[in-house]
Amino acid sequence: MPDLKIKGITIVETFAEAFPMVGTRIIITAPTMEWALISARTMTGFATSVIACGAEAGIERTLSRKETPDGRPGVAVLLFTMDADKLQKQLRNRVGQCVLTSPGSACFAGLEGEKRLKLGAPLRFFGDGWQMSKVLGGKRYWRIPVMGGEFLCEDTTGMTKKAVGGGNLLVLGKSHESVLAACTRAVKAMAELPGVITPFPGGIVRSGSKVGSKYKGQIASTNDAYSPGLKGAVNSALPLDVEAVLEIVIDGLTADAIHTAMHAGIHAIAKGGSRTGVTHISAGNYGGNLGPHHFHLKEIVG
Amino acid sequence: MATVKGEEAELDSALERAADLLGRARFPVIGGLFTDISGAAAALALAEKLGGAVDHAAGTGLSRASRVMRETGATPASFGEVRNRADTVVVIGKGPLERDPDLIAKLFPGKPGLPRPGDNQREVIFLGLDKVRTPRHVRSSSIRGRASLPELVALLAANVRETRFDIRDKALCTKLNRAGERIRKSAFAVFVYDPAEIEEPVMHTVLETVRHLVLTTRAAIMTVAAPGNGDGVNLCSTWTCGLPVRTSFAREVPEHDAWAYETERLLETGEADALVWIDALEGEGTKRPKGAPTVVLSSSPGRASKGDVVIEVASAAGDHDAALYLSPISGIGMVKAGKANKDKPTVADVLTRIAELIDARNA
Amino acid sequence: MSALVFEMKDTPDQRLDLSPLVPERLNGLSRKDIQAIEIGTTRETLTVGDAFKVKGKNAQEIHFDGTDERCDKIGAKLAGGEIFVDGDVGSQLGARMTDGKIEVKGSAGVLAGASMTGGHVAIRRDAGDQAAGPAFGETMGMKGGFLTIGGDTGALLGERMRRGLVVVGGKAGDYAGGRMIAGTLVLRGGAGRYAGYGLRRGSLIFTEKPKDILPTFSDSGVMEFDYLLLLEKWLRGTGMRIKLGGRARRLMGDMAVLGKGEMLILA
Amino acid sequence: MLIQLKGGHVIDPVNKRDAKGDVFIEDGRIVAAPQGREPDEVYDVTGKIVMAGAVDMHSHIAGSNVTLGRQLMPELPYLAAQDGQPISPSPASWGAYATGIRYAEMGYTTVIEPAMIPTHAIEAQVELASIPIIDVAGLAILGNDDYTLELLRDGKGRSDELKDYVAWTLNHSKAIGLKVINAGGSEAFKFNDRTFSLDDEVPDYGVTSRAIVEAMQKAVADLAVPHPPHVHCNNLGIAGNVETAVATIEATQGLPIHFAHIQFYGYGKEGEKGFSSGAATLMDAVNKHKNATVDVGQVMFGQTVTISGDILRQFDGRRAASPKKWAINQGDGNGTGVVPYHYKSKSFVNALQWAIGLEIFLMAEDPWRVLFSTDHPNGALFVRYPEIIHLLMDKDERARWLDDVPEASREFSNLAEISRELTYSEIAVITRGAPAKLMGLNDRGHLGAGAIGDVAVYTEQKNKTKMFAGADYVFKSGELVVRKGKVVRVTYGRCYHVEPGYDPQIKRRVKSFYDSKYGVDPSWFGVSDAITNRRDRFATIPLSR
């Protein structure tokens, strides 16, 4: 069967292998969008991969005044980990250190979810007994006195166990410039979509990895089959004319959300066709033995 | 002696007439209840039979204190404990001394009392009223000002807790500070009030202050007894049906409702269509409200004006020995009649006979 | 299916206990059964049929027409469904209710919404003493839900309230928020004397500066409260447009007790 | 009129009957089978269990302390009914009237109110008199009163004056015996002590708890009052208090003594949570000291309210109040503490308390000395008695309940290993024979000729809860008052008390004491025959010699 091509770009017949994760959404508001974004970015900083960051997090989207519980500008943030306990810990630490501390911020639940995570519940103790609890429409909020005035924080937020991490696209091309441009387009297209984030810098990761290493204690190491500089030395997956490969990793609240995001990503990459220098769109997997979610590029394109 | 519609009548015919009136009533109320324990017990039994309500002329204060008690509890001390052991007594408002002008003399007798905690000189603080004379060995001070009694109670409570507040009246402030400190340093501070004078939130603040103080020292409240053996009647009601006065027996389960079963409201609205008014304590009297057809049991029928049926009864503790609530023992005791008069029936006799007549008719 | 309607015949000569007339108790009953329910409060038997003309069927939506202040305990212990009242009501409207909705076009008597834990009670005109206060046998007042009163209230509004929201359009009586443990009162027409007396935690939100302020409330000055914005938006969601803004003067008290409550007076 | 209860299974351990037979009642008394006379009424009770009317020797049913409980918690019956207890959800359900009716339905004909405050004895007696059907008696509280403490301080602990004072008090309140509650502890609380043990001294008086109990034991023994001092020990309800209880038992020096609701003293402090069953240790001591009797104070799960003169402990216990409210009345003498409490089967501590009570019952070598009680309403409402009898008589029922409690509670008690099942005869001992004998009420608790005509007839069935919840017939003083578990006739019983003699001098002394300290004349709180309108309300029981 011939390779599937879109505008001259080869869609490699493979699949992205993804893992179940647990995830949550919170809403951060502030007097201005600028400050909501500052808080959200800080809270989602250093959250590219669970391997060493504890969590994968990112801004899902900005919210208008109409969309936020307190009528102020806001940002929706997604946070993922491998299990509920870790998610709870990351949420507490990140909201505690980056939202509670951020001028004028307030923090609300953004997900119903099948389970509840504590949001303001542990932070209320910062109030040292002066905190006040308020219940509105069945939801509890904490008002915690701080130097800037008062930090308003919902008691809990929802958690989903149906989240998926590690959806991905690999973009191969004839120049670094062309691949980076294509990935940037893809990340932008995905940013519009609900329920997903691309947690790496600018949504893009250049150091895709394989499992294991020759060095003791190193659990992952460079993905030599996709490192263009090693084409001559290893059993490479790359044609000779491919100069650079970049990856977009996608975490989503549901598998469907990842599916939709990958679809949008592929089409954004393919925009402009092979003339841009992009040659292949592929995906990373581990042979299908590790993750239950397989996103076959062919199905996604179709 | 008895009258029916103002005309003199034999006791038996007055009883018949009362039984007629009450037997027909849709919802009678037995009010006043200035009577002894056996009178109260008979009134409760009759109310149960008639499906009526019971109330006491001092029902407002009794109901308030009952409500605060069942919602948050209470920390009372007996009169004897206060008299012997309190080093600081805070008299709140005018009610306590109006109820008992000799209260201070009774609380601070010259004779040495029982061993008491601490070695403070004893002191009375009058809150919201002028000082009255105290014995020489007892210090006293008065806290008054523009502030109302509820405000003074709140201010004193805040001072006891040493929390922040601002008032402009510096003189008042100084007095409050001093009183607050004195109470904090007391081994046993007691707050005395009349539940008829202060409302539930004010009582609550006093009780909260006590609950705060008892974390580290001894403290209590003492309420002055209601007029007309109100506390005794209320206790009797409570052990009889589990509820204080202002309770209706119209349905299967007795219901207490301080608003709904107040005598005057029941009469004004016409919800009660008959009244039994009981006013039969030696040395005390109460005024009957107007409204429905009335059976009056009074030891001073002259005072009763014209009820439909007026029956003169013996006065409790005057004409017959009586179990009554007695402040000095903070409970029910027995008072011997001054001049036993066996000619007049007691409240219990009359109510029991009316009940029997009603039974006989229903039989 | 048409709503179940109770149309009052004459002014009754006794108070009525209408607590049996809630969806949970009426579901599946025939009209005859319903008419036979006893609602009297004296030894003279009085049934629904004596006092009301009964029409309609759907017990999930109950209408009372032409009621007066002797109609007690409407919607008491309501656990779901809707009750609409065209008329005044007596005491304990919606007392101990856990869910559902009650709307009253007229005024309510004492203890409206007493010890309710959930649901919504809306009284278009006035309410008596102890609205949102403690029902008999309860140690606390309102413990959740939403109570709106269009007109004035009597004394002791929100007494020993533990949770929930009360909005008053008119003036509240003396001791509004007395002995309150927590929860929120929004007072649009001010209050009588001693508002917040014995307040432990909880909020009294005044849209205008009240006339009397207890001396045991301590000024914390004016600042921004995001909570007010949240509340304003939530109220709008229920159809109530009340401008709260974000700025308010905060007085803390009652310092006579725990002192962790507040009055927020809109700036 | 001669009544014959014919063909029942008569269980009367006092008279060693446990077989099919008849019981005859005439003129309010049990009589021997009459020769050559036909009974006027015959009740065929074939196949039914026939016992004497039951005697409850420790149940707080009246008096200012109980009424303080009612004032604090009128909703108790409502909450109890809500969690499935057999009580009607009306505040009146724990009023005086309902108390008599419910007791009678279960086959109880005599109940002892164990905590009459001497200065409030009139209230207690008037209230007791309004309880229908059952006979009653009251115990008067001393030991934290300042008169006693003054005597002990002045070294008059073994004097005739103390003996006279005790005698005067029993006469004055028409009590059947003496109660001592946390001796010295309530008084110490008034001086701000918050703990008090056997050898602690009451401030200002310098008198120990041990000395108070000893003095009272001696006074009561000297007075020949049949019921020994009824003692509520120090440190009630505290983990590790089994040591206090054993020390107190050992301190009794062979003189008769009764320890109330000892389940609340059966606590060890082993295990992670520092709370374990001390039942075995406690029962070793009880089994060994034949001068001591105890009642159990069984706990049952559900809402109740605790009412006690032990204000020191009640003050400490306020933190566990549920619903969250409490009343501490700092009265003359002991005062009263009322704290609502909800025993939960899922609570480690509550489940263990429940198990410890049953262990005590089942480890008793001599049922004549280990009596039935829940310390109503403190451990459980008296309406729960049938369930407890069921648990005692049926090990499978215990196993079912044990399944429902936390694993840890099972581990820290031995209940699961006990297979003993009490017999009808043993039940009759702990609910009839023994309490009547202990009170000196020799005319009841059995079915011998001359005994009072108090008889309860039950239909035997496997489910003892059902069996004992409602008697088929109850006769009170020879009158049929209950049929098929319901009261058919409301009568009023009598109040029994002792009248030990004393030197009249004591009257003057007490009068002078009350006058100077309280401004009170003791006659104000003296119980006279006239306080009720019923003739023959009061009856004296003979002293022991």
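General remarks:
Going by the order they are written in, the chains are A, B, C and D; count residues from 1 in each one.
Keep in mind that, in the parts below, a contact is a pair of C-beta atoms (placed from the backbone, for glycine too) under 8 Å apart; a residue touches a chain by one contact, two chains touch by 3 or more.
In this text, all values refer to a predicted model and were calculated from it rather than measured experimentally.
Note on interfaces C-D and B-C: more C-beta pairs are in contact across B-C.
Separating the CA-averaged centres of chain A and chain C is a span of 47 Å.
Measuring from the averaged C-alpha position of chain B to that of chain C gives a distance of 32 Å. Centroid to centroid, with C-alpha atoms defining each point, chain A and chain B lie 72 Å apart.
Residue positions of chain C touching 2 or more other chains: 136-139. Taken residue by residue, chain D touches two or more other chains at 74-75, 325, whereas all remaining positions touch fewer. Contact of a single residue of chain A with at least two other chains is seen at no position.
Every pair of chains in contact is given here: A-C, B-C, B-D, C-D. Residues 37-38, 41, 66, 69-81, 83-85, 106, 109, 111, 113-115, 117, 187-188, 214, 217-218, 220, 235-236, 238-244, 252-254, 256, 321, 323, 326, 328-336, 348 of chain B are the ones that touch chain D when the two sit in their complex. Per the touch definition, chain C reaches chain B in the complex via residues 13-15, 40-44, 70, 72, 91, 110-111, 129, 134, 136-140, 156, 159-160, 175, 178-179, 193-194, 197-198, 214-219, 253-257, 259. Within the complex, the chain D residues that touch chain B are 62, 64, 66-67, 70-75, 77, 88-97, 117, 119-120, 122-123, 126-127, 130, 146, 190-192, 203-205, 315, 321, 325-332, 335, 338, 516-520, 523-526, 528, 530-531, 533.
Partner chain C is touched in their complex by these residues of chain D: 74-75, 78, 323-325. Residues of chain A touching chain C in their complex: 29, 69-72, 104, 106, 129-130, 132-138, 141, 143, 149-150, 152.
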